[in-house]
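Labels A, B, C and D are assigned to the chains in the order they are written; within every chain, residues are numbered from 1.
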Amino acid sequence: MNKFAQQVWAEIVSNKKVGAYHHMVFAVGELAKHAKPGNFVAISVGGGDSSMVLRRAFAIYRTFDRGVNGGLLEIVVAPHGSGSTWLTNQSPGFKVDLIAPLGTSFGIPTQPVRALLVGGGYGSAPLFGLSEVLKNRGCRVDMILGASTAKKIYAPLDGKRTVSSMTITTEDGTTGITGKVTDVLANIIETNEIDIVYSCGPMGMLEATSAISSQLGVMHQCAVEEAMACGIGVCMTCVLPIRGEDGQIRMVRSCIDGPVVDGASVIWGSKRMIPEGTWGAK
Amino acid sequence: MFNFSTNVGGAEFSNPIFTASGCAGSGKELSQFFDISRLGAIVTKSIMIKPRSGRATPRMAETPSGMLNSIGLQGPGIDQFLAIDVAWLREQGVKIIVSIAGESVEDYAVLARKLRSVPGISALEVNISCPNVENRGQVFACHPKTARAAIEAVRRNVGGELPIIAKLTPDVTSIVEIAEEVIAAGADALALINTVLGMVIDTNTMRPKLAGKTGGLSGPAIRPIAVRAIYQIHEAMPHVKILGMGGVTSGRSALELILAGASAISVGTATFGDPTAAMKIKDELEKELIAHGFDSVREAVGYAHRDEGNL
Amino acid sequence: MFNFSTNVGGAEFSNPIFTASGCAGSGKELSQFFDISRLGAIVTKSIMIKPRSGRATPRMAETPSGMLNSIGLQGPGIDQFLAIDVAWLREQGVKIIVSIAGESVEDYAVLARKLRSVPGISALEVNISCPNVENRGQVFACHPKTARAAIEAVRRNVGGELPIIAKLTPDVTSIVEIAEEVIAAGADALALINTVLGMVIDTNTMRPKLAGKTGGLSGPAIRPIAVRAIYQIHEAMPHVKILGMGGVTSGRSALELILAGASAISVGTATFGDPTAAMKIKDELEKELIAHGFDSVREAVGYAHRDEGNL
Amino acid sequence: MNKFAQQVWAEIVSNKKVGAYHHMVFAVGELAKHAKPGNFVAISVGGGDSSMVLRRAFAIYRTFDRGVNGGLLEIVVAPHGSGSTWLTNQSPGFKVDLIAPLGTSFGIPTQPVRALLVGGGYGSAPLFGLSEVLKNRGCRVDMILGASTAKKIYAPLDGKRTVSSMTITTEDGTTGITGKVTDVLANIIETNEIDIVYSCGPMGMLEATSAISSQLGVMHQCAVEEAMACGIGVCMTCVLPIRGEDGQIRMVRSCIDGPVVDGASVIWGSKRMIPEGTWGAK
């Protein structure tokens, strides 16, 4: 549970198309200062008479605790289904019902380690704030971003400036290296003597990143994305199997004990099934 | 002075807005958004004897004006639940209704015995209608005999003190028949309605969206089914108190269920869309009742059944 | 070449998009908006032996993502219907499925005899599940015995030629049980689902909104219930053809029911929101099927039931 | 069945608050020229992901078969529940899915008779177009408009110009005579030697108007308002009991055989029941 979570009516300050995504800025007041990289927001979609009864979760891209509107909070939205499309269709001035900050954040090492940030699609969004924090702690930060195609790489200029190296992969080769982030991952981990990997993106990418990271013996924190009905820990829909420190696998809520989790603790490959030995499994 | 207090199965509550079982976490998560002692009661997630992992994910699918869930009763088991969750809730000064679920009649008996002498519990909600079990035959509330057996087991083992609220499913040919059975078996009140069995197929993967294939439909989509079930049962047995639920999202929709015959309202899915939904509904309901000229919520219960005079 | 034709209970149709009974008027009204011969079939409003006034008004209430209706089978009676409506439809070159409803088993027998030798009818839809009758006990599809009796009466009296599609209600404890019964009684196919029994209370007047109190819930709100019913029955008897309906509003939602096991789709409430809904759904469905790589609609029927391979 | 009915995407050209109502203008193209006084439109509300699945019906206030946008169609909307409120919240430039013209229209006498038009609330809207048509036929046109309060009287200036006399009643006396239209109706019918009464408004008003008209032996045409699910004759929700020329009462669809019906043919007072002797009643 993120103890700073607040529900506010947040005005859309800006909504700009960037490649395949919309970069959206909300005036959220003072809660902005409590948001940490990895946290997410939950936004009501569709308006009062909507048939959509559930909020949509979006990773926080950045927050600013200043500006004429008080705190600002930014997200990157891929218009996908009806909820995200509705959101990206709203204009500045419109107010949405928003809860933030939610969930866990990326753990920040106390030492100036070498970190590699791996983002897939809009999963890059929370990584730029993270890289800034890491930089300020004296870490060296490398980044790999991947997507199916160039338009789905979200890599703003000022974001790029915070990293020491940036590798881009696309499956169709429209920009950067042709392939997936995981094709270049092992090489970069070894060459740059990476200590910790942070990742955010599709579950398949997180799983592959986790496998490579543990093979090479580096730590891996990832922000998972499970379908969430409430975002605040009351519905139990967003669970994933995680091995606790006591060795016990439990179905853990990714909205309050995640989205950022230790990659090595996740029992990957267990979509649509409960892993054997899970607490309470039959 | 407007009297917002209500009675369900013999237990008194300061106001008629409760949480719905399985829709309020442990209470802690909501207390971040409002003071949970302002609830009429918190109804806890159905607890079983042993720890339970629940079903695999995906466990939810949004549907038009509703959602499907197939949590499958994930929980820590009764012992840990009493030691941790109930202990914490008691400290909050909120009335507690414990929801229990079993896989066998014997399970219900064991749970009832465990709860028999636990202090600070206002009532038991006996969930005999969870659709998210592997075997539909396990839904006790689907058949008069099994419904009766489960409730009898609870009644026998819980003693005469704790009110029993039997939670029923609308997925039956005659909900009135089941209701009569469980009241005869010793239930003091009824909780209506549990979710409706449904399914969504993902047109991309072309498979059922939920790992458990079917799930329980909740939210405003099912409100007309809830109103009908509550109305039918209040018509058949007006003396039996009903805890109503199913798609309540506003004071008006809460009023609708109350007029149909509910003495209190559980708020479920609405909380997912808005953590403070229960408090908003409570305030709106009070205003609605006062605007309609009621002096108490009790006067409004079942008011839609009054004789047709001049319409 | 993509093959859009389908088969329901032995009858062939050029495409799988039909109107739903009671949702297309006499056909004339819709023909103002599109050429009704482009429909796979028109399913007529359930007709009874004698003229019928239907229920009093108000007969409808909008609900979240759905509506309630309590038309109560208003219609001119079979004779006038055959003389005027069916005659007109025949001229249009559209396939006709006649829906019949009775108040007794004998009624079904009489209707079947009247229809036995009427030319130009592709199939009978036998509505044994209308919720808008005064007495819920009259809903034949609520009980295996009465469901069987009604279908047997039709089968015996209609002869072996005309395919019988039995229309069932989801308001039962086990729809599979009823389905098995009507198939055993001679039905060739099933229509799933009729509306779900519901109620709305007007919070202004504080009375049931519909004059008939309860009504049938239709529209997207009930789609998960329809998908579940179709899936369950296709799982239990994969050889039985299903005419699916319930909340279909788009090519995607039509596909959802087809993947669950429907061989054709009836469009009901969507037409009220958009007179050309059926044509839009037809076009969208064809595109969806082609995009998914199907060569025919038949390949997609029940596709969600295929073995779980690599998910 | 109105054989001119067409479904179009109609752009909102103007949306102005007038008293308690919104006067809304739509660009509807050529169908405007087929609309007759008494006809109505059916508009989809709530947008694509709305929980509202049914159209809303509105009486046509006026149409213009000209202007830069081609034909224009005007309605007067009372923001009431969720559908009408949504509609009145839409801005010019927004397009709605609209079907028009629907239903029957007021019968126009071939002789230059004396007509009295009676409107309740927004029910006045279709009467102004009617009065224009009647005027052009050489009829004398009087009008009575009533509402609960002044803000609910819809009587635009140019509309007033088309009538010989205009009587206004409000229940709270905020404008005109204190009372109901039916309080002044009999007097005006007699004084002005009215031949035919046309009415539009709440069902109670239509019923009372019908009673007075038949008592005084004048013809009465009224536009009824029954809850409609489809508006095009396919659902059978909008029926009301009407005595046909053969003497038989039938439950008749008010969307295609109405909304304008002969007041004397309606079996009034039969809300929530089927009148005895209705065709097919038990």
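The definition used in the following text is that contacts are C-beta pairs under 8 Å (C-beta built on N, C-alpha and C of every residue); 3 or more make two chains touch, one makes a residue touch a chain.
Source: prediction; values computed, not measured.
> Comparing the two chain pairs, does B-D have more C-beta contacts than C-D, or is it the other way round?
Of C-D and B-D, it is C-D that has more C-beta pairs in contact.
> Taking each chain's centre as the mean position of its Cα atoms, how many Å separate chain C from chain D?
Each chain's C-alpha centroid was found; their separation is 35 Å.
> Round to the nearest whole Å and give the separation of the Cα centres of chain A and chain D.
From the centre of chain A to the centre of chain D is 55 Å.
> Compute the distance, rounded to whole Å, between the mean C-alpha positions of chain B and chain C.
33
> Take the average of all CA coordinates in chain B, do the same for chain D, and state the distance between these two points in whole angstrom.
Between these chains, centre-to-centre, one finds 46 Å.
> Where in chain A do residues touch two or more of the other chains?
Residues 51-52, 271-272 of chain A each touch two or more of the other chains.
> Considering chain B alone, which of its residues make contact with at least two other chains?
64-66, 219-220, 308, 311
> Among line, ring, star, complete and other, which best matches the way these chains touch?
Shape = complete; every chain linked to every other.
> Using the touch definition from the top, list the residues of chain C that touch chain D in their complex.
22-25, 28-30, 32-33, 45, 50-62, 64-67, 69, 71, 74-77, 211, 219-220, 269-276
> Over in the complex, which chain C residues touch chain A? Could you list them?
Going by the criterion above, the answer is residues 64-65, 220, 308, 311.
> Taking the touch rule as given, give the residues of chain C at its contact with chain B in the complex, in rising order.
63-66, 68, 142-143, 171-173, 196-201, 203, 205-208, 213-215, 217, 219-225, 227-228, 231, 247, 252, 255-256, 259-260, 288, 292, 303-304, 308, 311
> For a test of understanding, state which residues of chain A touch chain C in their complex under the given definition.
51, 271-272
> Flag every residue of chain A that touches chain D in the complex, lowest number first.
It is residues 46-52, 82, 86 of chain A that touch chain D.
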